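Working notes, structure below.
Read from first to last, the chains carry the letters A, B, C, D, E and F; within each, the first residue is number 1.
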């Protein structure tokens, strides 16, 4: 179960509110690279963790709970960036006098053009769980496979795209408070990338975990097609050489080769449409 | 651009059609761990690849094109498994005499209970791009970040969950043809897991790629918070020790430590609701 | 604006309630081939109709309003089919004595296995706007393009897949009341298929409408590539001959030919990744 | 920010694992009436709370944090109910000997028929954030309007449908552990229904809050149409009498009456389609 | 069943077409606070209404039918606001001479920046069923629970957020015709808020309806946890006092108290991963 | 199975990169009228094709494979249009010197206002499978019904809305390279409209295919209601005359007439709510 502290994990300050930047921050809340995703992903991985011990379950709970606080920081940052946003398309500006100084010499209409419109219409100038183009977060992005190694790579993927996003936000930002908040979040993403990879190391690295799942008896897989790069260039041009085209495989269990792809199967032939199946008569056998 | 061959990449045979297994196979078509996802993900990564050379773009195109053929194999397998499926809830069975022998002594109604209903109602006994519970595939799952290392980990994640899925399907299957097809696909997933990790190795492994993105000057991130595990246990209980709680970080740029999480920020205080913003009067300053 | 009559457009009777058939009927309510789709599609086409006269707007409103009543009939049929559905997994059956006789000798658990679970858990034994696998209807399926000919073909598509669905439901049904309701709906779909095609005829048929949109000056399109079938077989095998490979085109404006597809463009070369764009250093120019 | 305790808020025990009940429980996790919804809704309402004081923000954080623990309980219950679920369609049952005794004399195939297939294929026998028909939770259901009264009614709606769901699950359950867990959750929903309504009372009840938003000057709304019930029966039949057809309005600001609906506007006439807008020529003015 | 009148329920006039306002209006069509939602919600509640009499079914049909006409008004308003919208990014403006005077001195490019792009690309300058950020309406927002009291609160929630939205649109608008249309819609929302609350009153108010569902024997719920506010502040700080922390509960059936939350359950311990379940070997028991 | 050629099907050149046009092009990639849709639709129709011969299967594969190359062209065009896009909201422009000349005298902030934000934040200046408002493509739009005639009309619908979109993009474009690419795509859409209609002709035109599905014995449908236009005008005003109100039906099997709609059914009366079904007591029979 959970507890909260009213205070934020890290300071969130905005000197120059910018509704356009509020929009950008939404990607870190409700985007596929964002914080709801990692928080919920780690929680569901923890809650479903099956293993002889609770070690990884515990670790996941620690970090999931940390991420909860990151969503909070970002939601707060969005609300602060919207504090002086215009709410009216009228030329004379909003009836509300707090607005006007915002965004230099931009007219209210111009500022609104770049905003998420639901920041004005649906939330009363606050964050909501959608991305920077307004698409709501969809929980199908919570990857929790029941396989610890697969899950760790899903987490590395999430934290890698997450830190890429955070640095892009940092580069786009002009406010010192926002840059400070983001430089903290970027650091946490660094740690989390390492953390999930460290689990892989602890499980024995490539040799101890690959191919995932390692519980499937590898002799049951097609031994002729598990370490060869399939080339599909129509002109038969050789693919670029790389670590994956020759040499021992990373798991030490095979040798990389190149295979020019070609059909091993036949042209499929389905049975004709059956009566009562809603097809046209012409699709049925005569 | 692309070409096709009418023949399948690998043989697809079904001796004992099973509409319930057709449903399961849908997960490998339209599930988040499935083949549409990897095909489209590699295509979009290729098409957006920015780099001094086209090497990785090329490699991605080879494998994306291979995956296209995997969707085809699975769609064919679904159609074949549906060949004798019942289409009627009537006790006497379908009007169509080809049905009846299917699934041992199951009544048509029982067989339909476990089927995806759109296999009967929407497709005329064929595959469609949805998962095994009927949820259509949603293209937000195409991860292509513009960062080669992040993308590779997204691909490892996809192929890891993909091979986990393929082995689960193998374990659930009872038909020799299906097991043969799957044992090929499992092998290809093995190769692809290795392939994307081999790119990471080629780029210099952890030291050469971490933290992702490595183009962000690391001195700009919060140096006090980038290699410490945050513990959030309310009782202050120490988290389990692991590779990520002590020792040199994987990228060789820091030292892992543990930090008992606590608020560094203040309780946030948003401005009161503004007139004209649709709030209740009680939310406005007096 | 709109009015209602409490009575149904056509009688809806269910003698033998069948919760499994209630599930199937959902496809005709909230499926992409269903009645919400056509109702809303015709409404939005009507409401956006731009033309010198209101003739097509009017016609669309008539039929959209008719479709509204079809959703109502189906929703009623779902509720009636659920009247005796079990609500408990307990072996002894539901506490409620009205249940029990339902579905012959099926145990409550068996009946529930084939049901949409939200029929029990979310609606209190009534319809909801989702398809037969429980996926909610998504309004992106409302096709209203602003082009009258394109819209008519979207409508033919909707009514064709709609009548295919209705006949599949008819074939699956065992209850006389349900067959009666469906034989009416199948008839209405017949009319609507014809109706939208009749608009095309009235606009001048293929010659008067194709290529859609006919307002784009056809001399601006690529005159070498507008009536030739592109063949992509990798072995250069000739495609099957058909009405579309030779002879005058349907609009009378061209001649069908076959073209063996080949690249006319170059390999694309994007600029390298820019600093500050979140890529890996290795993707940047040196 | 947040903390966690490894222990659950309330005991979760399952004596007789039932994979079918695991499916039902998913509705309380990822359904629109479920716990992710209320947790996230209260969090976003708290994080965006604008008011002279932080009182309601604080209250919302307390309850949101409580709900977090409810998701955890349910996810645990799902995993426990799946402990002995079959994973294979083979007649002889799963290779795994722990299975077999589950669900009385049901064959593995029968048990699987009623299961969410992703419980087998995607999660390794654990919960995921989707509803009981497998549809992932979509964050557009997080209602946080920036208006405290509107939000409270959204919360009452959530807790009412939530408690309806919880009692339906209770009625469907056969396991004492599950009934115990649910009788706790039902109790919490009782409190939460009251809690949000108590905020309305504290704000002055109907008179103090209606019409929502009360900050909009009511003299600006159409005074002739704000307290009359519009009747749309095509036969002009009088609507049923009720508290809303006569007497003083609940907010004390008007008098309920009945109005037979009729058009006050004209038939709309849009401009013809413009050149370059992609319409057919026939839609343009001549 | 249903009928239509070509004329609008209320006049819709636009003197100064504004494509940016057209975008805003989309929220009232396809947003979660919009008119499709209430129309469809009331229809499905009506169609599934189970009760000794049809009284509430009838009332719901009246109002659902009214709402249908509101969608029509808004769709008309969107089309009229788009009448002079630019369709080209070329500096010289659109080829079409009707454009140009629109939006004062804005260049076509500037106007397009703030528009929904599908207004240009997909609809030919007309409305579509999506919100103001272009997200299509998703029918999972149709709340119809089968419980009359829960449904009424869902309706109050819809009409409260709906009137909040309508007043925000009113405040953002600059056109007299639009303000007139909205002042009518705001009035209708006032009535509908009252109407659904009046049903609650008629059912006996808080005492007659709470806790929802009142048909569940309250003695079966956890009597120790149904009227106490759970506090989760990690520092044990007392929550703010409110109507919900002390005094008689609103339904008169309990007494509000405060409870400092703490775990009553144990740390959960799931069984280890099973063979054949797709986990890593390390997750299995030894 | 499939092969690729590194070169593009047709040249893609961009002289004046325009991030706003990149956004527009997304509609042709991930919009419902776009190329992913047709590619996948033709593939799934091919893969599920049931008929005595493989003729239509083959044809569909040719064209599906062609469409794959169209997605590639568009994705390339998007990336090229984003080459000089700004990535920072700072007034002084991006740190990156390649930017600045873009879009004439627009400030970076202005350019960003009209951009899809995920082009900056999620993809590193490349395409992704979403529409021009950022909504990801959803595979429920893949229409493959198992009925060849229905499918052909679905394809005509797709290519009609597709060519409408392509001409709108052509009209909006200002870059010669983009106009050249689009004039090719417009031509291909012309061919594909004809191609699918030619299949209908080959199957016997209206008489040979209607009503779809023609395998359902037409005598089973309601012979009194299959060729009459239902009028729903509340004032009984006669609907506009058209090809569909009189004369022989297009399939030659009936005669068009007009029918003034009226209820043929009764007011529905559902059973009262059952105990244990989660309703209010007031909904149950006494």
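Rule of thumb we're sticking to: a residue touches a chain if its C-beta (ideal position, glycine included) is under 8 Å from a C-beta of that chain, and two chains touch if they have at least 3 such contacts.
All values derive from a computational prediction rather than experimental measurement.
Novice: Keeping to the contact definition above, tell me which chains border both subunit A and subunit E.
Specialist: B, C, D, F
Novice: What chain lies farthest away from subunit D once each centre is taken as the mean of the Cα atoms?
Specialist: The most distant chain relative to subunit D turns out to be F.
Novice: If you tally contacting C-beta pairs, which comes out ahead, C-D or A-B? Let me know.
Specialist: Taking the two pairs in turn, the one with more contacts turns out to be A-B.
Novice: As a test of understanding: of all chains, whose mean C-alpha position lies farthest from that of subunit C?
Specialist: Between subunit C and every other chain, the largest centroid distance is to A.
Novice: At the subunit A/subunit F interface, shared numbers over all numbers used: above half (same) or below half (different)?
Specialist: Subunit A and subunit F contact each other through largely non-matching residue numbers.
Novice: Per the centroid of Cα atoms for each chain, what is the distance between subunit A and subunit C, given in Å?
Specialist: Computed from C-alpha means, the inter-chain centre distance equals 32 Å.
Novice: Quick one: report the Å distance separating subunit E from subunit F, using the average Cα coordinate of each chain.
Specialist: From the centre of subunit E to the centre of subunit F is 27 Å.
Novice: Where the CA atoms of subunit D average out and where those of subunit E average out, how many Å apart are those spots?
Specialist: Chain centres of subunit D and subunit E, defined by C-alpha means, are spaced 12 Å apart.
Novice: Residues touching two or more other chains, restricted to subunit C: which are they?
Specialist: Expected reply: 1-9, 32-33, 47-48, 50, 54, 58, 61-62, 65-66, 69, 76, 79, 87-88, 94-95, 110, 113-114, 122, 124-126, 130, 133-136, 138, 140, 145-147, 149, 161, 164-165, 167-168, 171, 212-213, 216, 232-234, 261, 263, 265, 267-268, 270-271, 273, 275-279.
Novice: Based on which chains touch which, is the overall arrangement a line, ring, star, complete graph, or other?
Specialist: Graph shape, chains as nodes and touching pairs as edges: complete.
Novice: Note which residues of subunit D are touching subunit B in the complex, please.
Specialist: Interface residues on the subunit D side: 1-6, 47-52, 54, 87-91, 95, 109-110, 112-114, 116-118, 120-122, 124, 130, 133-136, 145-149, 203, 208-209, 212-216.
Novice: Can you check the complex and tell me which residues of subunit F touch subunit B?
Specialist: 1-9, 30, 36, 40, 43-44, 47-48, 50, 54, 58, 61-62, 64-66, 68-69, 71-72, 75-76, 79, 122-130, 136-140, 142, 144-147
Novice: Note which residues of subunit D are touching subunit E in the complex, please.
Specialist: Counting only subunit D, the residues touching subunit E are 3, 5-12, 32-33, 55, 58-59, 61-63, 65-66, 69, 73, 76, 79-80, 83, 87-88, 94-96, 98, 124-126, 135, 138, 140-141, 143, 145-147, 149-150, 153-154, 156-157, 160-161, 163-164, 167, 170, 183-184, 186-191, 193-195, 197-199, 201-202, 206, 210-213, 216, 218, 220-234, 239-240, 242-244, 249-251, 254, 256, 261-268, 270-271, 273-279.
Novice: Per the contact definition, I'd like the list of subunit F residues that touch subunit D in the complex.
Specialist: 164-165, 167-168, 171, 234, 276-278
Novice: Could you please specify the touching residues of subunit B with respect to subunit D in the complex?
Specialist: Result: residues 18, 20-21, 23-24, 27, 31-33, 104, 110, 113-114, 131-135, 161, 164-165, 168-169, 171-174, 232-235, 261, 263, 265, 267-273, 275, 277-286 of subunit B touch subunit D.
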